[in-house]
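Here is the structure we will look at, set down as C-alpha cells.
Labels run A, B and C following the written order; every chain starts at residue 1.
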Amino acid sequence: MLSKDACRAIVLLAVALAVSPAAAGQGRDYISIVGSSTVYPFATTVAEQFGKTTRFKTPKIESTGSGGGMKLFCAGLGIETPDITNASRRIKKSEYATCRKNGVREITEVKIGYDGIVLANSKEAPRMNLSKRDIFLALAARVPAPDGGEKLVANPYRTWKEVDPALPDTRIEVLGPPPTSGTRDAFVELAMQGGCSTFAWIKTLKKTDKARFKGICHTIREDGAYIEAGENDNLIVQKLEANPRALGIFGFSFLDQNGDRIQGSLVDGEAPTFENIASGSYPVSRPLFFYIKDAHVGVIPGMREYVAEFTSDRAWGEDGYLADKGLIPMSAGERQRYAADAAALKPLILDDAGN
Amino acid sequence: MSSLFYPLILLLLASVAFGQGKRRAFAMAARKSGGRFHSRPWYHGMLVALWCLIPGLLVYILWICFADTLITRMVLHDLPREMLARSAGQKTLLINDLHNLVAGHVAARNIDPVLQRAADHYRVLQNTGRLIMAVLMLAAAVLSASLVYFRIGPDLRARNKVERIARISLLLSSTVAVLTTIGIVLSVLFESIRFFRQIPVTDFLFGLKWSPQMAMRADQVGSSGSFGAVPVLAGTFMISGIALAVAVPVGLMSAIYLSEYAGSRVRTWAKPAMEILAGVPTVVYGFFAALVVAPSIRDLGTMAGLEVSSESALAAGLVMGIMIIPFVSSLSDDVINAVPQSLRDGSYGLGATRSETIVHVVLPAALPGIVGGILLAASRAIGETMIVVMAAGLSARLTANPLEAVTTVTVQIVTLLVGDQEFDSPKTLAAFALGLLLFVVTLILNVVALHVVRRYREEYE
Amino acid sequence: MKKHGAMPGKEKVTAMDVVQKGLARRYRRERWFRRMGLAAVLASIGFLGLLFVSIIGNGWSAFTQAEVLLDIDFAAAQFDVDNLARANYGALVKKSLQKLFPGVKDRRQKRKLYRLVSSGAAFILQKMVMQDTSLIGTSRRIWLPADDEVDMLLKGYISRSVPESQRRLTDRQIGWIDRLIADGRLKKRFNTTFFTAGDSREPELAGIRGAVAGSLLTMLVTLLLSFPVGVATAVYLEEFAPRNRWTDLIEVNINNLAAVPSIVFGLLGLAFFLGVLGLPRSSPLVGGLVLTLMTLPTIIIASRASLKSVPPSIREAALGIGASKMQVIVHHVLPLAMPGMMTGTIIGMAQALGETAPLLMIGMVAFIVDVPTGLTDPATVLPVQIYLWADAPERAFVERTAAAIMVLLAFLICMNGLAVYLRRKFERRW
C-alpha cells in the first residue's frame, strides 16, 4: 500500500516537474552562438575570455556544423534563435535568401582568419613531398590516362610510386573528411582543382565546359584509397599513428599540437608551418567566418562587446591568443577593415560578395 | 525552483485530504452506521486525495499554459502603437527585452522609459495573476475534495472509483509510446518528402550506390551525388549481425550460468558488473573500437595474409556486441530466474542433468522473455550511433566481407546532419529519408518477429 | 543361442544400462555446459576490466596538475578600491616571473616566459582579491596553475628528445622549467579545478562540475518520467489491454521504437519540445524529456517480460480470495515483477546517461561555462563533455577525457549499486 502511495507521489512530482518550467517567461541574458565545428575551438576561446573579463555571462556556443548553424540562425528573429553563427565557409545565396525571408534582414559578416588544411603522416614513415598534381592523381575518381592523351580513365594508381616515381612505394591510403565537410570542400577546391589544372586540356575545359571541368577535378575516388574518416580530427591523428602507411587530411591546429607524432607533408615544396600558411605560400588554407544578427545587437546583452573582443588584436592578432590555438591570422589591413565593419555592423549584401 | 511551490502545496493538501477521508471512513465504519462498508477506508482516503489533486493540478496547468501569453498581451496592448507595428520577429525581441527587464537582467543599452513602465506593469499583473491562480487552485481542490468527503459512506464504491482513475492513468501512459512514434514519423516525414521530390524514391530504395558527393555551393556543379540506400542498409545489418553473433551466445550463456549455477553472492556481483557494460558511454566504445580493436584485427589479418581495412565492419561489430551483452544477459537472467522451481524439480526428478533441464525445460519456458531481450539487443545494435561513427567509417560499399569497411544508416544520418553543407540540400534531407527508411525496415522486422514469437510461445503452468 | 545368451544383457539395456552408458557423456556435457557459462561471464567481466584498465591508465594523471609557486606582490598602488575588477592581474603574475628570471630581457623571450603560467592565473588572483580585500598591500606565495604544455612535459607526454621545431616548448622554456623544478617551485599537485570548475578551453582550467550538474538534472527528469510511465504502460499492456490488433500494433510499435537511432529522437525533440512547446534550448529539461522517450521502450519491454514471468497461479490465487484485478496487480504481481522492471530501468538509465547523439539536435552539445542550477538553464552532460574534449586539439584534453570517463563510470556504478540494493530487497524465487 505504501509503495502505491510512493508511486503516486513520484508520478505527481514528475508531472509537476514536467510542466513547471513552461511557466518561466524568462528572457535570455546570454549570447547564443551556433555553427561550424572548425570555428568552435576559436569561438569558445574568445567566449571564455569575454565571460571572464566582462560583467556579461559567458556565451553559449553550440557545435552544429555550418549548415545546421545557418538553418537555426536564419529561422527568424527572437530569443529562441541564435545571435551569431560560425561558419567554415561563406553564407550561400540560398541561405541568405532564407534569412531575409524569415525577417533576418541585416546580418554582418566577419572573417576571422584562416585555417590551414594539412596532409600529414606518422613520424615513422618518411615525410612526403607532394605536388598538387600528385594529390589530384592519387585521389581523383577519374584521371587522365597515364599514357597521355585527352582521355579519362578510372583511377588506376595503387601506390604513391605509380603516381610519381620520386614518392615511396606504399599503398595510397588517405584518411580524410566526408563530402559533407567544409574541410573536404576547401581541400577539393584548393588542392585537387589546382592539381587538375596542371593538365592543359582540362584547364581549357574550365572555360568551355565548366560542369565537366568540376566533375573531373572535384570528384574523389571511392574505391577504398580515400577513406572517409569522419570529423573527429584527433581520431585521425591517432589512426595515423597506428598506421604509418596512411596519410590524413585535417586542420592545422591538430598538426600544431601533435608535432612530435605526425609530420605535415610538403605541398608544392612548402611545409605547412604557421608562417607559411599566414604568408600564403602554403597553398591549402581556407577562410573562417562568423555572422552577426544585427537586430539582436543591443537587445541581447553583450553582443557588441563580444564582437569587439573577437576582433581585437589581443584575440585574432599575430600574437593573439587565437594564434596560439592554431588560427592563422589575416593581414593587418584586412583585420582592420573587418574590425571596422564589425563595429559598424555593416550589413552584408550578397550580390557584391561575388560568391 | 519556485515553480515547484504550488504543486508541492497541492501535494501536501492531498495528503491531508487522504488522512481526513480515511479517518472519516474509519469512524463511520466503527459506528456501523448504515451497514458494511463497500470499500476499505484507505480507498476512501485515496479517492478524496485524488479529487483534491486533480482539479487543483488542472487549474495550475491552465495557468502555466496561458498566464504568460495573457499577461504579455495585456502589457503589449498598453504599449504605444508604433512600437508594435513591426514584424513578428521584432515583436519577440521586444518581448524578450521586456522579460529581461522583468527578471532584472543587465541590458546593454539605455532602458526605454516606456518599456520600463511596461515591465513594472507586467510585474504587477504577474503577481496578481499568481494570487488569483493560487486562490482558484486551492478553492477547486478543497471544494471537490469536500464534495467527495461528504459522500463517504458504506455505499460509496470508493475502490472501484480509485481503480478506474488508476486504469485511466495507465491507459494514458501507454499512449506515450504511440504518440512518440507518431511524432517521430511526423518529424522526419516532411523533410523526406522534400528529399524525394529531388531524388526519385526508386533510386533511393533500390540504388546500389551511395555517394553523396554533391556540390556544396551553387557554382560547384560537377560532382554528382547518388543516393542508393541499399549499401547503407546492408552495412547496418552486417554490423548488427556481427554484434548479435557475439552478444547472443555470450549473453545467454552468462545468464544461464548466473541464474542456474552461480551462487547468490557471485550473482549479486557479476550481474551489475555486466550491466555496467551497457552504460559505458558509446563514445568510449567508439574510441576503443577505433584505436585498439581495429588495428589489432588488421595486424592479425595481415599476418594471416588477408587484406583488412582499418575500419573493418568486424571491429565495430565486435565492440558493439560487447556493449549489448547485458541486454541479453540481464533480461534473460531475470526471466530464467522467474521460471518456477517446480518445473526444474520435476525435470530433476525424472533424472535429467542440470544442463538437460536448462536446455529442455527452463529455456523453452523462458523463451518469450529471452526473445524479447534479444530483440531489444538487436534494436540497440541497429540504432547504435557513436560506435559506428568512430569505428566503421563512411565508405558505402556493398560487400559481404566483414573485413572491409562499411557504413551504417546511423553514421550517415549523423554525418549528413552535422555537416557544413546547406541544410536544404538533398545531402541533409537524405538524413531524414534514411531515418524514415530505417524506421520502416525495423517495423517490418518487428512485425515478423512478433508473429514468430507468437508461434513458438509456450505457456507453462 | 548367442542371441539367447545375450538376453540378460539386453534386459539391462532396456533399463538402467542405457542410463549408465550415457551417464558419463551426459556428465561431460554438463561440465562442458557449465564451463561455457562461466567462460561467458568471465569474458564479459574480463572485457569490462580491460576497458577500465585502459581508461584509468589514460586518465589517472589528470587528477594532478602542474602548478607554479609564485611570490605575488599585491602592491596597493596597483588597485583601485572602487573597481577591483579593473586592476591588471596579469601584470602581477608577469612581475613575479620577471623577479624569478631577471636575465630575460628580450620582448619575445619574455612572452615565452609568461606563457609558462596559465592564462587563468590572472583570474584566480582577481577572485582572491575580490573575496578578501585585505590581501592588498601584502605579498603572498601562491600556487598557480602552469600552462597545459608544462603540465604535459612534467607528466612525460611530451618527449624532450624530439627536435625543438617539433615541440611547442622551446629549449629555453624547458630550461626555465627545469630551474623551477629544481627550486621546488614547479610541482604536480592534486587537481581540484577539475572537480570544481565548469568547461574551459584551457585544459588546465577545465573542469567537469558543469557537466556533472547537467547530467544529474537530466537524469532526474528522465528517471522521474520514464520509470512510472514505463511501468504503467507495461502494466496496462500486459494486464488490462484486450488482446487485439490494436495492442499488437502497440507492441510492435514499442519494439520498433527501441531500434530508432537515438539521433532521430533528437530530431523529434527539436521539432516537438523546442518547436511546438517552445521549451528552452540546451536545457536539461528538454534533454531529460528526449532521453525519457528514448529509454521508455527499454523499460517497457523489460517490465513486460518480467510481468509475463509472474506465474498465473499467483494471480489466480489472489483473485480466488476476492481481490480486485487492481489489487492483484499492486499487491502481488508488481512486487514479484519489480526486480525485472528495475533491471530494465537500470539498463535504460545507463544508456541515457551515456548518450550523446540525440542531444546534438537539441543544443546540448555546446560550450557552457556556467554551472547549471535549474532545469531550464543551458547545460551540457558528461558524455557530451567527453565527446567535445575528445575532439579538442590540445594534448592535455586526452587525459581529461579519460578522467571524465572515469567520473561518468563512477556515476554509473553508484547508480547500479543503488539499483542492486533495491533489487536484492525485492527479489524472490518460488
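Just a few scattered comments:
One rule holds for everything that comes next: a contact is a pair of C-beta atoms (placed from the backbone, for glycine too) under 8 Å apart; a residue touches a chain by one contact, two chains touch by 3 or more.
Predicted model, so just to flag it, every value in this text is computed and none were measured.
Using the contact threshold fixed earlier, the set of chains in contact with both subunit B and subunit C is A.
Here the largest set of C-beta contact pairs joins the chains B-C.
Farthest chain from subunit B (centres taken as the mean of C-alpha atoms): A. Between subunit B and subunit C, the centres computed from C-alpha atoms are 19 Å apart. In whole angstrom, the spacing between the mean C-alpha positions of subunit A and subunit C is 29. Chain geometry summary: the mean Cα position of subunit A and that of subunit B are 33 Å apart. Chain contacts: subunit B has residues 1, 169, 287, 417-418 touching two or more partner chains. Shared interface positions of subunit A, i.e. residues touching 2 or more other chains, are given as 11, 13, 17, 20-22, 24, 26, 37, 55, 63-64, 80, 231-232, 235. Shared interface positions of subunit C, defined as residues touching 2 or more other chains, are 228-229, 232, 360, 374-375, 390.
On the subunit C side of its complex with subunit B, the touching residues are 19, 26-27, 29-30, 33-34, 36-41, 43-45, 47-48, 51, 54-55, 228-230, 232-233, 235-237, 240-241, 248, 250-265, 267-268, 270-272, 293, 296-298, 300-302, 304-306, 308-313, 324-326, 336, 339-340, 343-344, 346-347, 349-351, 353-357, 360-361, 374-375, 382-383, 386-387, 390, 405, 408-409, 412-413, 415-417, 419-420, 424, 427, 429-430. Against subunit A, in their complex, subunit B makes its touches with residues 1, 3-4, 7-8, 11, 42, 53, 57, 60-61, 63-65, 67-68, 71-72, 87-90, 92-93, 96-103, 105-109, 169, 211-225, 287, 290-291, 295, 298, 309-311, 389-390, 393-395, 397, 404-405, 411, 415-425, 427-428. Partner subunit B is touched in their complex by these residues of subunit A: 1, 9, 11-13, 15-17, 19-29, 36-38, 55-56, 63-68, 70-71, 76-80, 87-89, 92-95, 98, 102-104, 173, 178-183, 185, 210-220, 222, 224, 227-232, 235, 238-239, 242-243, 246, 295-296, 298-305, 355. Residue ranges on subunit C touching subunit A, taken from their complex, read 85, 111, 119, 123, 158-159, 162, 165-168, 200-202, 220-221, 224-225, 227-229, 232, 274, 277-283, 285, 289, 330, 334-335, 360, 363, 365-370, 374-376, 378, 388, 390-395, 398. Chain contact summary for the complex, subunit A toward subunit C: residues 3-4, 7, 10-11, 13-14, 17-18, 20-22, 24, 26, 30, 32, 34, 37, 40-41, 43-45, 47-48, 51-52, 55, 57-58, 60-64, 80, 231-235, 251, 253-254, 256-260, 263, 319, 321, 325-326.
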